[in-house]
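Working notes, beginning with the structure itself.
We just call them A, B and C in the order they show up, numbering each chain from 1.
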Amino acid sequence: MTTDTVQYDPLAEPTAHRVAMLNRDDRLFHIILAQQFDCELIETMCRLAEMIRNIAESKQGNRFLRSLLSHKRAMLYFIQPSTRTFLSFAASCQILGVPYNEVRNPSTSSEIKGETEEDTVHVLSQYFDLIIMRHPVEGFAERMAYKLNSMPRPIPILNGGSGKDQHPTQAMLDMYTLLRNFEPRLADRAHPTLSGNPFAGKTIAFVGDLKRGRTVRSLSYLLAQYAGMRLIFVSPPELGMGEDIIEYLDRHGVHHEKSEDLNEVIRSCDAVYMTRLQDEYDQAGESSKIDYYKYSLTVEMVEATKDSLVIMHPLPRRQELDVRLDTDRRAKYWAQVRNGMWMRAAMIAYIFNVDATIIDHYKTSYTA
Amino acid sequence: MTTDTVQYDPLAEPTAHRVAMLNRDDRLFHIILAQQFDCELIETMCRLAEMIRNIAESKQGNRFLRSLLSHKRAMLYFIQPSTRTFLSFAASCQILGVPYNEVRNPSTSSEIKGETEEDTVHVLSQYFDLIIMRHPVEGFAERMAYKLNSMPRPIPILNGGSGKDQHPTQAMLDMYTLLRNFEPRLADRAHPTLSGNPFAGKTIAFVGDLKRGRTVRSLSYLLAQYAGMRLIFVSPPELGMGEDIIEYLDRHGVHHEKSEDLNEVIRSCDAVYMTRLQDEYDQAGESSKIDYYKYSLTVEMVEATKDSLVIMHPLPRRQELDVRLDTDRRAKYWAQVRNGMWMRAAMIAYIFNVDATIIDHYKTSYTA
Amino acid sequence: MTTDTVQYDPLAEPTAHRVAMLNRDDRLFHIILAQQFDCELIETMCRLAEMIRNIAESKQGNRFLRSLLSHKRAMLYFIQPSTRTFLSFAASCQILGVPYNEVRNPSTSSEIKGETEEDTVHVLSQYFDLIIMRHPVEGFAERMAYKLNSMPRPIPILNGGSGKDQHPTQAMLDMYTLLRNFEPRLADRAHPTLSGNPFAGKTIAFVGDLKRGRTVRSLSYLLAQYAGMRLIFVSPPELGMGEDIIEYLDRHGVHHEKSEDLNEVIRSCDAVYMTRLQDEYDQAGESSKIDYYKYSLTVEMVEATKDSLVIMHPLPRRQELDVRLDTDRRAKYWAQVRNGMWMRAAMIAYIFNVDATIIDHYKTSYTA
């Protein structure tokens, strides 16, 4: 199988071959696809993120974390503009003491002298120990991972979002946000573990532009690893969840239903995941005919919900999420942003094999 | 009082309410306004800046300083272009070991997806422990400070210049530059203190575009806290000091006078503060009719001055300040630049409550 | 001699005066010109680069290196776009623990307010301890070095490439790449030294646009310090090596010859230095008439070469260097990139006088 024939289907179940290409010594080396994460790896990453967050609370803990990877250097190769994902990764590097550098404006690069982008990335790989890559071309990160594998000094690639398909760190931070709120044992300082299936019996609504929203699609994929929950898709008929996801959920025995009335649905929800209209993908302004804000979440609607409702939004938001909810205790979208930072730190720590060191430190600090 | 009704008058004496909103536990939390600084806080900051500068002279001292705040992360949110203020803050962060990141080009931000800037800053606040903000909109920094105060995890905002009104770190570095030169006890390694009013009996000339120069206006405000000095305003008649400042000085009993002859005035001066023509604020090229460089300072003029004359300029300069003065011992404008770095480090240290630790370290190192 | 009258001839043998101006206490202070390096300094720098590379292999070694200069701050003043040289210097700073900052986009600078660039650099010098400068104007770095020398707080300037003339760190990394491969004792962990003249009897081909390629010209200059080798210039007749270099080599007794047939030449080579067509310097598209890729290096051509052939290229490349060579053991152009990072770290360490500390550490670690 040559790298050029790889089909980039974010929902395809990973072939053993593809996953193996991204591993080294039977362990994640590159992180490219959400499909690399099964329940065990999801739990491992969420526990690690939770431990790092707790350790970082003290100045001594911070010092421990910053000493872990200060001998590594990271390149943030962000060819697609993205301030918040960029800064989340940058902060994650800082938490672990990883000096980093960035390439964000391809026009200042020497590509103008006629170099291929493969050569550019290859040159950068000489200076760094990790490339965190956000790229508009689908499959580019995976292709570079294969290419670097063939070199004398391969370094890992961490996918920070490629084209419209894969954004595994976003999917994982969403899982972490749900687990933090659904699973009391994850926040147990002595034993941050999961008890059985924390999603069993939970009701989760996905609201808005489900057709084109990358985050809800990837999150559906990861939730299907667990199953046991009830998913409700609330959207304008034109923007419903894609048939490919529907079939995927059916295959995994995940209960799902549709609704057009968020007000009715919200009362039974344990979590609601709001999304904005992705009108940048419009072909000819077709979104303008849709009454999108009929599916908005307001302060008034939240009054009759469960007290433990988890309100999420990948941000940026528009009017679909009432700013008056910002200070509500059920609003978890700011925490969700911060969770991304901890999850990304966990992934970087895992890639460099310091997860066991973190677990040891954590046990020593909190179990006694 | 809602945040939207705040009037941004750089010269208004701070209402108790406004200052209290920026404090926490009766201590500066956000630094937004020059009006937050009274004589006691001015002295505290200048002493702290002086101690940090002295400690930083040794490698061991550097290590101590860099360990103080390495567990914090700062966001330099510089929406208004400013290389030198940006770098001064960046260096200050580095001195204290604070990892930082930056947002400088709003066009790469996700605001393009329709997000409000309040949301953007709010998201950034999730990754960082301090936001240093330079913004073209007057009052924006203060408004965000109030907004963050209402959130579960408020973080301080340090104003690096907002619109045409407030630039408190510039005003404080100017005070520090004057005090370093007027007050021998500030440089006393055992006891960096002030003795009485170091400005008593001093003559200070402000020269140039006093009407539109933000720095001379703010500095006038802070000097008025001390009073006791004689201020001389030397400017083209069209660019004289504003009536609001004049009234303010009168109210505080500060002696002031006007002159159009710098050559005559300079002999009696203890300090001269040169400024450039702010013609970017011209409505219709009216500056072009003014003989601005009649008020220039040259090598020849400095020959007959006091030996201890302090020549200042906020830079950048044009022809109003002779380049041949650069190597003159009375030229303090390069030191003034460097003073800004120490003053900003002092402010960051103060915000994070490590000022007492610095004072302790200093006493141990220099008093013995 | 005023600074304005300096003639910037990259091949001029350095006058004693010019070199002395860049020294302090009889030691390199500013690094501006390839001509500052004689055989002894070349060897010193290459040994230091090799030691730093070896020390950096362990986490403990990394920590030692990062502690060396963490009390210094560097300014990367890159007015000429250059991603890879920028990142190489940035990584070098990170290896030595030097916090750095950058000015890369002059339009965000306050030069727009009418400041001279001398003033800008002067202001920056207040915040930093080293300026690494890449500038489009020939001689600007040297002029600023002289200017800073006259100030109360002079700091060193390291030339990262000025105009079309000088790029001393590139020339030195090329020397380091050749020496690493020609000289087994450089990689001797107990004694990284040179034995006699490692270039004696070696055959080195320079291929391509020798007329306008800055790297081959500078490298010729440094090789001439050693002599003893045979240089072969392979190029289209229109792009042959300049007469000034030819005369220089003659003066130093370096054997050189011309060829137009790379295929024939390559079999006798110990090293081949490929270069791309510098058509950005075309006056009127004259390069388009040249059959440049007649002088390409392919996988097939390499089959009959010495097993120890060193294939170099300053990158970026176009078609003159076959991508199928990338995984060949003789391809040293990726290593060459990485060598630049170690060489730049060596230069920064040398400027700040920590070379002896590194040598001591190295001896303790590897000689026992």
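Convention: contacts are C-beta pairs under 8 Å (C-beta built on N, C-alpha and C of every residue); 3 or more make two chains touch, one makes a residue touch a chain.
Nothing here was measured: the structure is a model prediction, and the numbers come from that model.
> In terms of touching chains, how many steps apart are chain A and chain C, taking the shortest path?
1
> Same or different: at the chain A/chain B interface, is the fraction of residue numbers used by both copies above or below half?
Different-residue interface.
> Can you give the rotation angle that fits chain B onto its twin chain C by Cα atoms, in degrees and rounded to the nearest 5?
120
> Rounded to a whole Å, what is the gap between the Cα centroids of chain A and chain B?
42
> Scan chain A for residues touching two or more other chains and write them down.
Nothing qualifies.
> Taking the touch rule as given, give the residues of chain A at its contact with chain B in the complex, in rising order.
56, 59, 62-63, 66, 81-84, 87-88, 90-91, 94, 104, 276, 280, 315-318, 326-327, 334-335, 337-338, 341
> Would you pull the chain C residues touching chain B in the complex into a rising list?
Touch residues, chain C against chain B: 70-71, 73, 75, 99, 101, 103, 108-111, 113-115, 119-120, 122-124, 126-128, 150-153.
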